[in-house]
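You will see chain A twice below: alongside chain B first, and alongside chain C after that.
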Partner chain A sequence: MSWQELLLELTLMPLLAFVIGLAMVLMMRRIAAQIQRRVGPPLLQPIYDIVKLYSKQTQISHGFIHELGIMMAVGGYIAAEALLPVPGMDGLADKGGLITLIYFLMVPTLGMALGVGQCANPNGSIGISRALTAMLAYDIPFVIVVFGVAFHYQTTNLAEIAAIQQAHGVSGWGMMEMPLLALAALFALQGMMGKQPFEVYIAPAEIATGPMVEMSGKFMGGLFVMQSFQYYTAGVLYTILFLGGGENWLTFLPKIFAVVAIPMTIAMLFPRFRTEDLVRLMWKWPVMAGLLGLAFVMN
Partner chain B sequence: MKDIKKIEIIQRPPPPEPARRTNPLARVFDELVRFCQSRSMFMLHYCTGCGAIELPPAMTSRFDMERLGIQPMVTPRQADILLVTGYVSVKTLKRIILTYEQMPSPKYVIGICSCTVNGGMYWQSYATAKVLKDYIPVDVYIAGCMPRPEAVISGLRALMEDIRTGRGDAWKKYYQNYDFYLGNQQRLFGEKWQTPTDVIAEAHHYGMMTDQTLGEHTDLLEQNEVPLDALRTRLKARTE
Partner chain C sequence: MRPENYQAVNHPPSNEYELNFGPNHPGIEGNYAFKVKLNGDRVLEARADGGYLHRGFEKLMEGRLWIQNIALVPRICVPDPVPMEVCYALAIEELCGLEVPERAQWIRVMQLEMSRVAAHLFAFGGHAATTGMYTPMFWGIADRDLILDRFEELTGGRVYHIYNIPGGVRRDLPEGYLGRLSGLLDYLESRLPDYDNLFFTNQVFVRRARDVGTMTQAQALKWGVTGPNLRATGLALDVRRDDPYLVYGRLEFDVPTEAGGDALARNLVRRSELQQSIHILRQVIDRLPEIDGPIRCPIPNPLAWNVPAGEAYTRVESSKGELAYYVVSTGGGKPYRVHVRGPSSMHAVQVLERLAVGSRLEDIAQIMFSLDACPPEVDR
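Right after this comes the complex of A and B.
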């Protein structure tokens, strides 16, 4: 691949991710509205929100680290998109692989922690400490899942993992071969996307949306952009690991949208867990399922 | 009377001139921004008085404000609309002003219920601030005791139309006529009244100073201003 093609892919992949991510945000809000018997927001609502937030005329910045933190939060996901192969574009997938991707996925939360730390708002500090604890909780089953998948396919290259699954049809999908790991990953996904049973760190009525409490204007706009990247990344990663990636966009898009719709659909059924209950639950059931799945895989 | 010339005149730097628009697409861009601002409004989840009871029906399945892009937010930093729903006691008014000053501009205030228009049934109360627009600029009033969700939504639509056509700029008045608003606030709260937000510095920074911004009341504020320290963190329980 020439460097021009690579450059084109590296530009296109985050852009596509952003557009698809916006559609995912809209889908989430529509699902929530449907469950509550409402109509929900109009088609371009995510774009209105982001343009509005960036066009605020007074911006309240709390210093350099505050701005850097938001840059890290968005930049971490933009870097991660280059490692996620999509139909027709592999980007840096064969050079980075799964391990690098996991590192990149931790950068946004750490960036948020830096930024929120400088705001010096007690609600923000409480929120971010809860978010980091939650990350500790869901990363354990997630790492077990990633290790199991990498061991099963004997590679950490995401493009290869998808190609091996596509060669064997639906019965060769990771979900069919490693159902326990797929289940554990679904648990971790719920935590990773911060959906209902595991969303105590944003608790709007209690700690005023936790980490976002001091974010206004363009900072909040940055977080909205980050959220759309986050949904896209979670959907694509799960699809590549367990649903056979995508041969073309026609089969790929329904898969990633379905993956992202699952946490939202079940989110409305639950109240929240407290942080310590979240850690206890995450380190018990998904970890047990993951370890059992790992035992089957390594057998 | 020769000494009068010795009194120092406080020299303030002149306000910066607004930047000239050189982009030929600036007008189109402004239209787009205003349209997006009118279609996406986050309202602060801070409600006073009894009018707040009409907002949950307006937000939930019966009337569904999210169709218009209006959704509740919990912190003033992210909010666009401040809803003042009902009578405003003197103590509540302090919090409303603190909250209002923390919101990033453009920001809009909606006074719901008659109590915010003229005091309503609390007209004779000694502890109620009657006319809300004396203390902060108000964009839209929705009269009624209490207005039904239909009226609330029609008021919000009026505000949306104002924003889209560029008329919803009451927030600028707070910077331009700060002396007037501060004077009314001092009349209620006493001359030691101050808020953590430095409104004069903001007005200066964003080029919104007029000759109405400063006056006798802001001079009084500058005389009595004390630096606000962070609250002391105390880990041990008090023993006395």
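Right after this comes the complex of A and C.
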């Protein structure tokens, strides 16, 4: 691949992720509305939201670290998109792989921790401490899943993992060959997306939306963009690991939207756990499922 | 704050910190505030901070004609306004010795129970939302809206009805009203299993609400707790049964209780009461067509109405607890004194402050919403 082609892919992949992520935000709001017996927002509402937030004057800034934190939050996901192969574009999948991706996926939470910590708002600080605890909780099953998948396919290259699955048809999908790991990954996905019952760090009634409490205008817009990337990343990663990736966009898009729809549906049906309950649950059932899945894979 | 204006403050080393719940906070009911001091996530001190809604209702009433206050009293509790109208009207009727026609009494009971159902649907939703569960909140609001439709048809107003006047009610039921109300009750009953599956028996919710904000029966009595909050400690006290007013003495209904005394028990009591209210409404629908007659007794010209001197204390069972009006007349065209005994005055101040101490940060909002306090009743 020439450097021009690579540059084009590295430009297109985050852009596509952003657009698809916005559509996912819309889909999730529509799902929520359906379950809650509401009409839900119009088609272009995510665009309206972003335009509105970015056109607002920012009232409060807490200095350079506050702004850097938001850039890290968005930047971590933009970097992650370069490692997530999509139909027709592999980006840097052969150079980075799963291990690098794990690091990139931690950057947004750490960026938020930096930025919100600078605000010195107790609600924000509590929210961030909860977010870091939640990350610790869901990262254990997630790392087990990653290790299991990498061991099973003998590679950390996501493009190769997708290609191996596609070569064997539906029966070769990770979900079929490693069902316990796929189940553990679903738990980790729910936690990664911060949806109920794992929505401990936003918790409006408890800590007044936590990390978002000091975010106004463009900062809030940044978080909104981050959320779009987050949904896309979670959907694509799960699809590549367990649903055979995407041979073309026609099969790829339904898969990633379906993956993202699962946590949203679950979220509408449960309250949030307490933080310690979240950790207890994550370190119990998903870790057990993951370890069992790993044992099967290694045999 | 802009960076150039930011000045770091040196606090002495401590694990303690203060948090403001409100007056603008998703975890607070209405315009109310709650200030807590915490160590980690454990509440050390708690102080209720009202006054944000203070419009001086009681004082305002002293400056208005008796009849004008009918438009004022429902604003003291927005989610459950009918008991305010009825209780105030009962006090004036007692002072004047007015005999309210039987048909008006049945219509008042019908509205009181409709208002209770609407208020409980609102309360479930609020409680659910404090635990991050928003679906019951949207369901509750949507179903409550159907009751407001019936109120609008009957009174012309959805939230503030201004329908119960001293001597009776303003107008009779529209044609076919009871049939439509019966259809609504069928619908609400068909929804109860959905609410149960989603919310009341949801194990994550049960785990979160159990043993949260627990009070014993002795504490509840000592602190002046009434209504569903008292009944959640196992004591079956209900003004409708123990000191019947209107036609409640002729109706069959249970007074549900729970033994836990915690947020879960309070929630379950309200859920059972909702079913009892539907049961009462069905009896009203059956009996009301048989009762003909006027809907109010003759009253003097409302604009020149001098209520005889005296004092009256009337009480009703609102969705929040025992609501009472103490009205003093000196024989003039305006009240000399009106005191409102809103149950939330106890629940949102002394009870909430005591229950919050020792609880955890994540349970503060849940405790408040489980008490179903109505801040305007405090700031009256």
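We adopt the following convention: the second predicted complex is superposed on the first by the 297 of 299 C-alpha atoms of A that agree within 3 Å, B and C clash if a C-alpha of one lies under 4 Å from a C-alpha of the other, contacts with A are read in each partner's own complex, and residues count from 1 in each chain.
Here, a residue touches a chain if its C-beta (ideal position, glycine included) is under 8 Å from a C-beta of that chain, and two chains touch if they have at least 3 such contacts.
No experiment lies behind these values; they were computed from the predicted model shown.
In the superposition on chain A, A:205 contacts both chain B and chain C. By the document's definition of touching, both partners, chain B and chain C, reach A:36.
Residue contacts after overlaying the shared chain place A:272 against chain C, while chain B stays out of touching range.
In the superposed pair of complexes, A:58 makes contact with chain B only, with no contact to chain C. On chain A, the patch touched by chain B and the patch touched by chain C overlap at residues 36-38, 60, 204-205, 208-209.
Those residues of chain B lying in contact with chain A across their complex are 32-33, 36-37, 39-40, 45, 60-61, 64, 66-67, 69, 73-75, 77-78, 80, 104-106, 202, 206, 230. Residue ranges of chain C in contact with chain A, taken from their complex: 1-3, 6, 17-19, 25-27, 41, 128-135, 138-139, 142, 198, 202, 204-205, 207-208, 360-362, 364-366.
Listing the residues of chain A that touch chain B in their complex gives 29, 33, 36-42, 45, 47-49, 51-52, 55-60, 120, 204-205, 208-209, 212-217, 220.
The part of chain A that touches chain C in the complex is made up of residues 32, 35-38, 60-63, 122-123, 126, 196-197, 199, 203-209, 268-275, 277.
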